[in-house]
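Shared between the two complexes below is chain A, which pairs with chain B and chain C, respectively.
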Partner chain A sequence: MTLTSRLTGLMGLILLGTTASAFAQVETHHLDNGLEIVVIPDHRAPVVTNMVWYRIGSADEPAGKSGIAHYLEHLMFKGTDEIPEGQFSQIVAANGGQDNAFTSYDYTGYFQRIAADRLPLVMRMEADRMTDLVITEAVWGPERDVILEERRSRVASNPSAILGEQRSAALYLNHPYGTPIIGWEHEMSSLTRQDALDFYTRFYAPNNAILIVAGDVTLDEVVTLAEEYFGPLASSDSISERIRPQEPIAVAARRLVYEDPRVQQPYVIRSYLAQERNAGAQEDAAALTILAELLGGGATSVLNRALVVDAGIAVSAGAFYNGTSLDRTSFGVYAVPAIGTSLQQVEAAMDASLSEFMQTGVDMEHLERIRTQVRASEIFARDSQEGLARAYGSALTSGLTVEDVQNWPADLDAVTAEDVMRVAAEVMDLRQSVTAELRGTSTPEAPQ
Partner chain B sequence: MIRYALATLLAFVPLSVSAQTDIEEIVTPGGILFWLSQEPSIPIVSMEIVFRGGASLDPEDRPGAVTMMAGLLNEGAGDMDALAYASASEEVAARIGFDVGRDTLSVSASMLREVRGEVTELVRVAIQEPRFDADAIERVRRQLISVTRSNRTDPSEMSGNELFQLAFPNHPYSRPIDGTPPSIAVMTVEDLAAAHRATIVRDRAYISIVGDVSADEAALMVDHVMQGLPQSNTPLPADMADQLSGGVHVVDLPGGQSRVLFGHVGIERDDPDFITAYVMNHILGGGGFTSRLTEEVREKRGLTYGISTFLTSLEHGPLYLGSVASANDTVTEVIDLVRAEWGLMASQGVTEEELSEAKRFLTGAYPLRFDTNSKIADILVGVQEAELGIDYTHRRNDLIEAVTVEDIARIAERMMQPESLTFVVVGQPVGLSDAVDLAN
Partner chain C sequence: MTLTSRLTGLMGLILLGTTASAFAQVETHHLDNGLEIVVIPDHRAPVVTNMVWYRIGSADEPAGKSGIAHYLEHLMFKGTDEIPEGQFSQIVAANGGQDNAFTSYDYTGYFQRIAADRLPLVMRMEADRMTDLVITEAVWGPERDVILEERRSRVASNPSAILGEQRSAALYLNHPYGTPIIGWEHEMSSLTRQDALDFYTRFYAPNNAILIVAGDVTLDEVVTLAEEYFGPLASSDSISERIRPQEPIAVAARRLVYEDPRVQQPYVIRSYLAQERNAGAQEDAAALTILAELLGGGATSVLNRALVVDAGIAVSAGAFYNGTSLDRTSFGVYAVPAIGTSLQQVEAAMDASLSEFMQTGVDMEHLERIRTQVRASEIFARDSQEGLARAYGSALTSGLTVEDVQNWPADLDAVTAEDVMRVAAEVMDLRQSVTAELRGTSTPEAPQ
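Right, the complex of A and B next:
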């Protein structure tokens, strides 16, 4: 029962899954107007995934206009000077293709999966809507209602998601990562057609975009088509370096409690501000990725063993980190108490387990098992052309290069126990953290 | 380990196979039949085993038994306790998962070619020699009680449970797949062993292997996993006509939005008109952005983020279902629109243009489902389970192309019953009262 709708790419707990394969024969090219091209050949089946990624996300929105990046993403399907209103997805479908889009903090992406011989069609359509979008008076009102319904489905109906917004807002004192990708409801409800067009005009241009094509194609074929369809588009001079307000040095640990009558299973979750992957320097991010695996990546991880298996006081416990981010990201740990254990008890046990880890250090056999899985995930990754395309797209819109993506498995493999303990000591600083509790309540009130 | 899965309903997954995917039917030296698709370009192998039965074999007073049993399969097996089993899996980067649905228990394993022997042995001990150690039982019991408690306020779970209780009273389908907090609390090792004996049996298995293996190598894997499993001794439940007779049923849940699950009787997978119904559903509500319901409810009026309809593949009572969420004060309008579209399809069918666009999508999107080995393995067991035959792959698009507007008019008149359409609304809808049962 999946909702087939334009998706907001909310941050998931992707750990090793983001590994792209060094075996994939990735090729790149640039057009004169600044469009970057990445081709990931996969000739197993006569299909392609055509993606256009813009280096623009919710963290680039003007103050007071939260949600505009995602709202524009929806409006991008409404039509152009050539594509009649409401026909974009219809045309793709009538050619046997599927299309969708996603918005995150650092990027907005659009894609079609379609038979390889239809690549010219969808590439032409993407080029068309890069500069010739049409938003009529008839469509922008109902679509704004759609994103408000999307917010109700994704956030207001889900106490965990409500808490997630509050946690990010508390973690980021200054950076726009503290604002939800989908937007705050009161700001979403006053967004206008003009807001969307302003955002579009300023940020949608070939020199702010990456074309990624994976599947049954060659670089030459893609470049020829891209020259034809994207080549004539003028580059924009309104694209500047993405410099957002950065985080100050935080000095106070923050604690949140959110109570909701719908909560049947409480939990405690803590996020620390953390180093992200940077171009040419992703060693610390690699060590943090391995740290998250050691602490909470599976059944034999430190937190699962201590809280779920040995003590039996939690039904689940783990750690998370996603280093693919333009600015500072977060590292987190969580514990879900079993019946009869309080949040205070399970948090104390989690902290005791983390302290013990800091004293005893890395179990070398465990590290070796994780390395094995990293190497394997590199091979498994080749099975999904869409997954590979996404790994490249999210990295390239987060300040990384193709080389960084290709080096990532080796960087993960090179992480030593000493690296892990160094980044662990750095990252787990309570002053840079938010600890949040999700709790039930007996009062029959809930936010709308 | 129990996954926090929300799979209340088995949506019908359309089955088709790319012409490029060659499938062989093989009988192993041990006499076990499976389907193989060789794909040597990446050194990985996926194995999928589906056992018919699933949660429908839960005893009446033990809902959740099969789910809990499946959650324990990788929590200690053979001479390994839970941690030893997990370590052994990590050492070979095995990806082994178990999933329980209303009609099936499925085992999915992906592995590197070079360690397929080790991973196959891990699958074998998990399904043949689970230990059900006392500490593992208590651990999984805690997890499943947490899941079932959370289900009590989850809008999708709540609407699914309510609708299945209305549709199949006293049938196993009426009981929650994950069980209930009280049923999980009293589950004994004997209950779990009985669930294991009832579900994981040699004569109800469908098996596929996809990836970098030869026929002989794949046959060895199948024999290793399957030989030694017993024959079934527990009957599958009886078929049952659903009891959905119309009306609106409201289940209270605080929040700003109502989640709606609606439906009535569907169509059997082996009905000669199934493909016609499938194409009709695509046009009405199955086709994502291009469906009539999306156009009316989302695009024109902005009343929802998503609305979809689907033919379920339930083995003992097919349903035609739909799902939508809308703000509490607009959900009544959505329900009226759904009823109107239902009636319109019943009385007028579809246009030539709609049918031709649907055919172009359904046949053109044909190869897109075959983009990973594990998805292909899934599809191959699905085709076997539905008994469509190994040549289905070559016939499927022709079946779709053969559908006419007259066929759809006929099936629409037969299937679409606006007066029987039953709505379960979870939320605090404005202007709806509970249990407006038109039949009473």
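Right, the complex of A and C next:
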């Protein structure tokens, strides 16, 4: 029951996209009621990961009801007409499995990892709660307290998370990606049982869901079970194309400062509005992925070399980009100043380093090393059953296809130095950016 | 057919609120179908101002449909089942009258100024188009071109207006006041006839409207006519309380820069989120109104004296506030640098001047002069029939009552120096502010 944020903070971790090309053949099927099925065979061990992904996330929430997608995700564990209140996860655990769920801007997902012979059990339970959820008067109030507490512990107690919300709100002038996935506190605190039921009734249906099963199963086995459990569910006619308010043309560079006495380590971070992966057209996103790696991936990256190794004025620096998104996403750079260096100095050095990169271009040896890393990440990806299932789930709920997921490694491999410089010039436009400073109360040269 | 923006730009004009206390007795009535009636007798000349105000504005628009309130306002002039296409204003003009309309965040208003004996005609026409509007296939496309052209001429060709949109978008993280009244161009260009009809059907009804008639009439005459023309209209059950997404607690100071080669005169302007006038509780708004006048009203104001007269580094400086707003509004200050002064210098001087004001407090002689001005503005207000009608209309569509409008002069008069300093300390919190720079390409010290 977690929140998945596109910008995972300062780790400098580039999600190259868990990739599938070397994995066993992925197979797909559709039920008549619209349920999409993806099976990822993995016969190394007699376990399965059973996932149901809904094409609904926080960016699909009604105005003023922020947090409802995540709140409903919590309530989905309460009970149904068949499962007694509070028993969902206990049944899974009693059968040796683990379960959880996650909400993001573009999707909500539920999963169990369990012995392969228990797949019928968990699939039946997922089908049951797709349309027969029960939210009693006894549970909705206390569960709202739980999400409010989750906000306090994840956001209010974390200056970096507070800044993250402010950055998104400032980056998106019109698109709901500017609203936090977990919701604004004042709106969360007035969400009701009826709000959750309205959201559930409108968006939870087989024709708005994807069943992804990875592990020791075959497509035939999964389809047979899915027909039995999901097959009887009626498709909904309240599911329509996901059209959200889009961004106007960006014209004004924005800056913001969040100052908090709890901040030990100040930093400066900039996000630019950026192209996302689009079905059949992932080239720009692939180039942006490589660009982020060149600028910020590891000790030999452009920003690290310039700011940390050579100048010694930053303790870390990096870049980030994740193109798996239904609408425009962001590309970012950041720098964490060394003691005695001000945020202004480290930002100026970061900008100088980026300018130099734009003039000198891509170091071809560096690009080759990145390509090797990408290939390595494909090999590592084979090892994670859940990671692979999530790569498919997030892609398919973000407007991409199975083919897009399978083509992604090749798209990354095909990126040229020219592609990188072209997307770099496009994306690094201050007019479509927010530069944010996280400051402690004693951060050097804090403005008034 | 104009847009009313709360921040009218750089004029430094403080709307003290057109006031009514010295005017003839305002009278009110309600029809059974919910129509509210306000009559402002003014027998100096045989003319009337007939206004219909709807409690619906751009901040009530569905997400993704920005501009629809203003688009509908245009379409309201097209025709009805009784009035042939394009004849509305021509009929008014043929009877010696003038008509127009305006759209703001919180209201949409229509009015005619005409000889008193033609009041039945224009009231009948307003009642007619309240529920019997006809939008033919022939008119909606061309009229959409008109509003797009209006956007081009009012916003796209005006760097200050472009900056204004960006400032609002950055000030409001969650509330729809962050969306331009005229709409974002990409959303305006996809508005349809059906969007306009949906908005019209949902929001135009007698129980969502206020009829305001000022001029040479009595309440009895107006009620008799209103019963005849508006009385037969059914009230709508799709009208509910206006609840918009509200702002989260502000935590991070924001800045933005808009650079445009057309800018001749750069400036720096800061908006803070601020209390609005609330029914029965206008004290803080009254104090903010006086504060704006103290800081920025005329040549003897704090900012003018410090930046223009004493230091000679600004060509003008001022403050602005308009508390007539359904939800949180803004309080602002600005400075326009003299030649040779950078925006950084003039902003630093502005901040120094504000800091000094916070320490030294209100000059009591200055406060007394402001009070005299307020009283004078009451007297001037008696002369403007239309201005007075608009003061009532904007107040009543922003959650205020006739009593609030009538109490406003006394509320302003009761503001003490302590009140001013209290609201000044509350409102001038950088965390709830946006500081914006308008720059030409040759503005001194432009950042990269």
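What we mean here is this: the second predicted complex is superposed on the first by the 420 of 448 C-alpha atoms of A that agree within 3 Å, B and C clash if a C-alpha of one lies under 4 Å from a C-alpha of the other, contacts with A are read in each partner's own complex, and residues count from 1 in each chain.
One rule holds for everything that comes next: a contact is a pair of C-beta atoms (placed from the backbone, for glycine too) under 8 Å apart; a residue touches a chain by one contact, two chains touch by 3 or more.
No experiment lies behind these values; they were computed from the predicted model shown.
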item	value
Combined model on chain A where chain B meets chain C, clash or fit	fit
Touching partner for A:Tyr258 - first (chain B), second (chain C), both, neither	second
Touching partner for A:Leu163 - first (chain B), second (chain C), both, neither	second
Superposed model, chain A: greater residue contact from chain B or chain C	B
First (chain B), second (chain C), both or neither touched by A:Tyr110	neither
Centroid geometry (CA): angle chain B/chain A/chain C, rounded to a multiple of 10 degrees	130
Partner chain(s) touched by A:Asp351 [first = chain B, second = chain C, both, neither]	second
Chain B versus chain C as contact partner of A:Arg244, first or second or both or neither	second
Touching partner for A:Tyr229 - first (chain B), second (chain C), both, neither	neither
First, second, both or neither for A:Ala63, with chain B first and chain C second	second
Least C-alpha distance (whole Å) that remains between chain C and chain B when both complexes are overlaid	13
Chain B/chain C common contact set on chain A	448
Sites on chain C touched by chain A in the complex	63-64, 66, 162-163, 166, 169-170, 173-174, 176, 178-179, 184-187, 243-246, 248-249, 251-258, 351, 430, 436, 448
Footprint of chain A on chain B - complex, ascending	1, 8-9, 11, 18, 20, 39, 41-44, 82-83, 86-87, 90-93, 95, 110, 112, 135, 138-139, 142-143, 145-146, 149-150, 152-153, 155-156, 253-257, 259, 287-290, 295, 298-306, 308, 310, 323, 325-327, 357, 360-368, 370-374
Parts of chain A lying in touch with chain B, wherever the complex brings them together	1-5, 44-47, 77, 86, 89-90, 93-99, 113-115, 118, 141-150, 152-154, 156-157, 261-265, 298-300, 305, 308-309, 312, 315-316, 336, 338-339, 369-370, 372-373, 375-377, 379-380, 382-386, 444-448
